[in-house]
Each structure stands twice: as structure tokens, then as C-alpha cells.
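The same subunit A turns up in both complexes below, where it pairs with subunit B and then with subunit C.
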Partner chain A sequence: MVKKLIKYDFMSYLRILLPVQLIVIGVALINRIIQFFEPPLTKTGYGVDTGSSAIYNSIFVSSLVLYIISIAVCLLITVIISVVRFYRGMYSNEGYLNHTLPVTASQHIWAKLLTSMLFYLGSLFAVFISFMIITAGDLNIEIFKAGFYVLGKAFNSYGANIALYILEGVILLLLSVTAMYLKLYCCLSVGQLAKKRKILLAFGVFFGIYVVKQIIATVFIASAAVNYVFFESISEWISDNGIAFIHILLCGSIVFYAVLSLVYFLINKYLMSKKLNLA
Partner chain B sequence: MGEILSCVNLTKRFGAVTALDNLSLTIDSGRIIGLLGPNGSGKTTLIKIINGLLQPTSGSVYVEGDKPGAVTKPKVSYLPDINYLNNWMTVEQIVAMFNDFYTDFRPELAYDMINRLGIDKKQRLKTLSKGNKEKVSLILVMSRNAKLYVLDEPIAGVDPATRDYIINTIINNYNPGASVLISTHLISDIESVLDEVIFIKNGSIVMHDTVDNIRSQHNMSVDDLFREVFKW
Partner chain C sequence: MKKIFRSTAVILAVVLIAFSLCSCRNLDSMREHQAFYNSVDKSEILLGGNIYKAVNNGNRELMFTNSFDYSYYVTTKDVPVLLSNLEGDNLDVNEDLTVIKKNIYNYAKWYVREDVYDKYMAALTEAALDRYFLSYDEYLDSGRVEFRVFQRNILLDEETAEAINKLLSIPDKDKVSYKELSDGDYAHRIIYLQKCDKDMLVTNGSSEVSVINDNGKFYVCSGRTYDEESILCPVSDTEKELISKLFEDYPDSVDTYNFKYNFEPDPSYGKYHDNDVPYKAPATENSADNNTV
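Coming up: the complex of A and B.
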């Protein structure tokens, strides 16, 4: 059933997000085309004709700024559309159809989450493709050379730990995006409990979670200040065991986001199956 | 005849407003039942609870012995009183979606009715007229071989010709072993097809009887009795 739900969710996301992702690639293409009109370098300066080089520079910088804005907008819209689709599919008129399909609340959440993740990764891939376009040619080769050089150096210094760091980093990225989506879904699921102003309540819950997180962080920092001696001994251990510390930090973050995701998932499941309020 | 639907001491409150007040009822299979009451009497609230879209404040609902959930959804075919279909989809896509999710869905029957209406299956739902959208919704719901059809105000807000089309579609396509619960306040239009009626007022059932009994005992039509019971 999750596969079937994803099929229809995918269709609903694709019609909005594919054009957005194509725009990023399109803007990168425009920038690359502009680069072909770069005035030739001379010994005396940048461009034979200072007038034409000034025009080129302003057009190039403008297209570059547009490219950066398009990336930010693309990633932001990907998240916004995922949240809007969740709300529309679950708690607006479309909810009357989706909640009467023979599927469980868990299956709905999984389908929405996996589709959202898929499109988030799709947007990241679109950004990567656009970067390849904008740096196509010698610059591209140089960037890859530099990347492989840094990676090779890191392998020489840290050995297999680098592969583990990359693996832990990828898992952490996926789990942090998962937790982000489930948190947003959770806010909407609490918001739908209200008789009126459901979106406002959802925003309220979002900021409530933010405040709670800030309080916990502040308490942690304060306790670090109070237990100065204890934390000093920890910092000494960190400086002696840097490699292990990074693993602990990454794995600890993975566990943190996994627990957070589980909590948000269970809250969503409970609200969708026991407290649905399509009034 | 087995019992398809049972509501036990059902109460639903929205803040200070009581939409359903200790309501109990049972519906047997193979019947067409009119859920009749004025606006705000609790018809839609009851229907939403039957479909699991709202949770009761107290009391329980059972569809063939199960509480509303993933188990009961394959048994119930529900038509809400709003446009609930994904507007961005084409007619063909929404038929495919119903076919994907409901094992009892009969796509050939759905397409037969859609073709007879002259609706292009490639057309997006958002481009259909209000009447055609409602017809497509009804076609989808009635193309299922469900055990209980729950239709919320299927004939409200449409012209008399469309009303006739909707009533004929219901009568000609429902699974004869199933029950059909039709909520409406336009009684005269559907009276002829009903086996039973439930009068609901202020969240409570004031009458649940067969149409034949009402006619013989009260010597009046259901429509006339409704006007009598709900007289201001």
C-alpha cells in the first residue's frame, strides 16, 4: 500500500517540483552560456575593451546571484511543497479521500515522508547537476582534482575512519532531514486538532518546539559552566582522542535524530489514527 | 440479514455544542436507509464518525463488528458532501487510483457510466463543471462492490435532472446485499427508493422505522411526516 500511496504522492509533487528543479538547471545553463562571451584576458588587464568587460562582469555576476537565489528557492520550495502536500492530503478536502482509503496512518506517514525525502534528494541532485554545468570545462576538472587530492590526503592521515565519517555523515544528513519533515508533519497534525485557525496552531507548535530546544540547550551550556572541572577533563580527552570524538559526535547525533524522528512519527501516528478531526 | 452498522451511545461534542447526543442505532444489510434531518441535526457528524474522520467524545461505532479504521474502510464506500477528489488529477487517473486501492472497485462499470455522460477521461477534474464533478464522485463511489454505502447529501445543490441521474445511479449500481445510508433533507426526491428512514434532530434519533410502517401507521408520506416532526 505504501508503494501505491507513493505513486500518487509522487505524481502530485512532480508536477510542481520538477519545473522548480529544471529552473535551477536552466539558470546554470544561462550562466554557462554567458561565460562563453567572456572578453579575452590581456597582459594589461581584464579585457581589451574595458567597456565590454564591465558589461560582461555585471551580466555574469547578476546571473550568478540569480543562480544562488534559484538554489535557495528550490530547496525552500521543496520543503514547503512537501509540507503543503501533507496538509492538503491529510487535513483538507483531499483528506476525506485519503483517510477513507484502506491504509493505516503509519502507511500514510511513510508514503509522505519517503516521497518528500526523494524530492529533497532530487533537488540536491538538481543543484549538483547545475553546479557541474556552471563549472563545466577546465574549472570542473580542477575542482574534482582538488576534491580527490583532499580526500586522498585525509585517507593517508586517518585511514578507514574517513570512509566511516562519510557513511556517518550521509546517515546523519538523511536522519536530520527525516526529523525535520516529521517535526513539520507533527506540527500540522497538532494544528488540525483546533476547531479554527489550524495553521496558526501549527506555527505555534513549531515555535513551541523551538523554544523547548533552546531551553534544553541553555540548561546544557549552563551545566557545562557549573561543572567546569568535569568538562575540562572531557576537553582534554577530546584533544587526545580526536578521531574517536568525531565518531562519537556523529553517532551521537545519529541516535539523537533517530530518537527524535521516532517520537515525531509516533505522535503523528497517534493523532492521525486516534484524534483525526476533519470537522 | 446481518447487522452492518451499529452505533452505541454515541456522543460528539464540539466545545459547548453537542452534535450527537447518546445516539444508538443499528442498520441491517440489504436496506436503503434515509438519514433525514434538518441542517445542523448531526447527520454529517454521524457519517464522519462512521468513516473514522471524526472521533466520538464517547460511545462506539462498529462496522460489521469492527471499529472504524483500516479494517472497515474496504467495506464502506463513502461520498462526502464536499468536493473531495484531487483536483489536479484527470478522470482517468482518479479511476486508476480507486482501482489501485479498492479491490472491490469495478473500473469497467465506472468507465461505462463516464462514457455515457460524455466526459473525456483525459480531462482534469478541476476543469469539470460542478454537476459533472459530483457525478464523477458518485460514479466512483457506486462502482465499488462495498458492504455499506454512505452518501452524504448526494442530491443537494444539483438541478432536478442531475438529481434523477444520481438517484438512478445509486439504485442501478449498488451491491444488492449491501446497505445504502443516504443523508438528505430533500426527502420527496428519494422517498420512493427508501426502505427505512431515520429522523435525526439535535443529535438524537427521534424515529427509525420502515417506510411502509410510516405510510400505514401515520397515513402520510415520509415527506409529510418529516414536515410534521420538524415543524418550527
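Coming up: the complex of A and C.
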């Protein structure tokens, strides 16, 4: 049943998000075509003139800005669509149908979450493809050469720790995206408790979570300033054990986001199963 | 759906292959400005298809007119071009691409192109530094907002060099003190010369000769010392025409200030620029104008 949920969610997302991702790729293509008309470098007697065609520069920069905006819009739309799909599917009229299906609240959440994450990663992949297009040619090859060179140097310096860093980084990225979506779902789940202005309450909850996080961060920084001797000894340890510190930081962040995701998930599950309000 | 994905993939592949035939001008420029070490001990550099060999210049310096193509870097051959400015050492390259100066903290290592290596080595080891050159800054507007400054070096003719050498070799009893010079902040017009070989390939960078025009009276001074006695070589009438011609022909290389400040404190600064030592200005006719402590 969950597979069918995922399948129909997937089709629904595809109808909206695929054109957006294709637009990003299209803008990258346009930018690359514009680069065909790049004026050649001319050498004067006093050094290299990098070519001062004002028309080309203005068109190129405009298309580049458009490209960057299209990436931002694509990622933003991906998140917005996921949130809207969740709200409509779970807490609006569609919810009457969805909650009659032989599926538990956890399975609903998992289905929505998996589809959202899939399309978020799909958007990132589309951005990657667009980057490959915009740098297509020599530049692309040189970028990969530079990347592999840096990786090779990192392996020489840090050995297998680099592979672990990459793995931990990937896990952290996935967990942070998961936590982001679950937080948004949590805000909507709390918001749906209200009789009126459900979306407004959801925004309020989102803002409240942000404020709480800021307060915790401020308290931490203040305590660091007060207990500077203790934190000085920590920073000394960090400078002596840099490699281990990065592992601790990454793994700590993974645990943090995992716990956060679990908390949000449990809140979502509880509200969806015990406090559902479709009125 | 499968058709859409397949056709999108085919179009993308075709486009990417087509674009792989194009290059990027900034990348081409970076490639032109990336040099490589041609030997393990870094005694050879490969740039633009030419090999440059390291020279041991000793106390002498190679004459160098910067090409102002600032972005040359030398790296090992495995460094990609995009990382050349991060991984590489900065190079200054001569205008005619014969000499490379590698900047290493507070000293420089010199490399000379293979085809002129012997010529430069002969100049470094054997050539007599009996000629002179002067420098001046050339300001240019390259079409953009900033001005580019080029240092131009002019080799003086043999006759002028001989005249200067003759003047510098006069006995100390014929030299005069700096006190003979006029007073006043911008009293003297000075051209600074440096020694070089006849082909202007090498110079003795530390040694400088000053040619002073004090209201039509000309002097030549070798180096800068704080010995107030017997420092200036007065230019006689036979050499005056040659020496004065320098000031007429090369006005851009003329500096204007009071040469006496090399030996006496500048009134606006204080003695040795030491704020703890109170400065007492020398007595002049208008004592009321003195700044006394």
C-alpha cells in the first residue's frame, strides 16, 4: 500500500517539478550558448586585455544571474510543493480519503517524506546537470581535474579519514534534509489543531521553533564566554586533535539531526493518529 | 515517460559533446600563464615551450623590465591549471620573455631562457659594469580606469659613461662637501643612475650614482654616505654639456628635492626621525621663523 502511495505522490510531484528542473537546465543551456559569442583575448603592448565588450558582458552577466535565480527558485519550489502536498493530503479535503486507507500514520509520513526527499535530491541532481552544461567543455574537465587533485592531496594528508568524512557528510546532508521536512510537517500538524487560521498557527510554530533554537544558541555562547577557561582547554585539545575533532563534529551533528528528526516524527505521528482535526 | 527521459538524455549527451569542442578564454589565459618545473630540483622552468635555467647571480642582478602580465605561476606538472595560483609560486617575467624572477619571501631566484643563457652567464661573471642606465616611470591609460606604471630603463651612451667614470675617479682633494649645495626644500634636480654592463643585461643593484643639478652647477655623487667631506665631484666645463643633456633628454627621470637632507635632518622631520631627541634647527637669518624646542 505504501508503494502505491509513493507512486501516486511521485507522479503528482513529477508533473510540477520536472518542468521546473527542465527550466533550470534550459537556462544553463542558454548561458552556455551565449558563451559561444565570447570575444577573444587580445594582447596589447602593455599586458593582456581581457576583452571589453560591454554588450557581451551585460548579456552574459544577466544570464548568469538568471541562472542563479532559477536554481534558488527550483529548490524553493521543491520544498514548497512538498509542504503543500503534505498539508493537502493529510489535513484538507483529501485527508478524508487518505486517512480511510489501510495505512498507519507512520506509513503516511514515511511515504510523504521519502517522495519529498527523492525530489529534493532530484532537484540537486538537476542543478548538478545544469552546472555541467554551463561549464561544458575544457572548463568542465579542468574543474574535475582540480577536484580530483584536491581529493588526492587530502587522501595523502588524512588517509582513510577523508572517505569517512565524505560518508559522514553525505549522511549528515540526508539527515538534515529529513529533519527540515519533518520540522515543516510538524509545524503543519500542530497548526491543524486550530479551528481557524491553521496555516497562520503553523507559521507561528515555525517561528517559535526558530526562537527557541536561537535562545539555546545564545545561552550556549554566553556560557562559553563565562567559562572561557574551560573552552580554552577545549580549543587547545581541538588544535592538537584536529582530525578527531572533525569526526566528533560530524557524528555529533548526525546524532543531533537524528534525534531532532525522531522528535519531529513522533510529534507528527501522535498528532496525526490521536489529534487529527479535518474540520 | 520513458521516451521523454530517453530523448532528454540523448539531447543532453549531444549538447555536452558539442560543447566539449569549445574552450573558455580565461582558461586559455590561465594555461598560457602556467609554467612548470622541468626538473626535480626546480632548476629549470618550462614556459610557453621554452626552457628557463636557474642562474646563480651572486652580487649582481639581472636587468628586469616587468611585463606587467602579473599572473604567471610555476607549479609541478601534476597541478591542474585552476589551482596554479594557489599551489604555485608567483613569477615575474621580463617584457621580452628572456628572464624570469621567482619571488620567494624576501629574495628572488632568477631563471634565464635557454637560448640566451650563455650570454647572461657571461654578463654575470665576466662583464665589466662600466656603463650606466637611468630609469623612469611611464604612466599609461590602458583604456580602463586604472593606470599602469611601467619602469623604463635607458642605457646611456659610452661617451657619457666615460665622462661619469672620469668624474668619479678624481682625487678626494678635488671633491667638495655637500654644504656647497644650495638650501631650500626642492633646491636640486637629481637623476639617479645605476651601473650596468654594455648590453644592459646585469646591474649591481646596490650601487647608485646621483647626478645633481644645482641651479646650473652640476655634480656627480657616488652612492650615499653620511661622510660630509669630499662627497661631490664637480662637473667641469668639458663634461657639462654631456651631463646637462641628461636633464634635457630625460625629464621624466628627474627627481626634485634637497640632496643635503641625506646628510642633514629635514626640518619638517627632525634629526634621524627620532621623536625622543629634541630637534634644534640650525640658526638662520630669520631666527623668529625657527621651530625651536
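What we mean here is this: the second predicted complex is superposed on the first by the 270 of 279 C-alpha atoms of A that agree within 3 Å, B and C clash if a C-alpha of one lies under 4 Å from a C-alpha of the other, contacts with A are read in each partner's own complex, and residues count from 1 in each chain.
Here is the rule we go by: a contact is a pair of C-beta atoms (placed from the backbone, for glycine too) under 8 Å apart; a residue touches a chain by one contact, two chains touch by 3 or more.
Computed from a prediction, not measured in an experiment: that's the story for all the values here.
Peer 1: Looking at subunit A, does subunit B or subunit C touch a larger number of its residues?
Peer 2: Higher number of touched subunit A residues: C.
Peer 1: In the overlaid three-chain picture, which partner chain does A:Leu29 touch, first (subunit B) or second (subunit C), both, or neither?
Peer 2: In the superposition, A:Leu29 contacts subunit C only.
Peer 1: Contact-wise, after the overlay, does A:Glu232 reach subunit B, subunit C, both or neither (first, second, both, neither)?
Peer 2: Neither subunit B nor subunit C is touched by A:Glu232.
Peer 1: After overlaying the two complexes on chain A, where does the subunit B footprint on subunit A coincide with the subunit C footprint?
Peer 2: Touching subunit B in the first complex and subunit C in the second, no residue of subunit A appears in both lists.
Peer 1: With touch defined as at the start, can you tell me which subunit A residues reach subunit B in the complex?
Peer 2: Interface residues on the subunit A side: 1, 4, 7-8, 11-12, 15, 93-97, 99-104, 195, 273-279.
Peer 1: What residues of subunit B sit close enough to touch subunit A in their complex?
Peer 2: Residues of subunit B touching subunit A: 14-15, 48, 51-55, 69-70, 73-74, 76, 78, 80, 82-86, 88-89, 93, 97, 100-102.
Peer 1: Can you list the subunit A residues touching subunit C in their complex?
Peer 2: Residues of subunit A touching subunit C: 22, 25, 29, 32, 35-36, 38-41, 44, 46-52, 129, 132-133, 136-143, 145-146, 149-150.
Peer 1: Tell me, which parts of subunit C touch subunit A in their complex?
Peer 2: Counting only subunit C, the residues touching subunit A are 8, 12, 15-16, 19-29, 67-70, 78-83, 140, 142-144, 148, 150.
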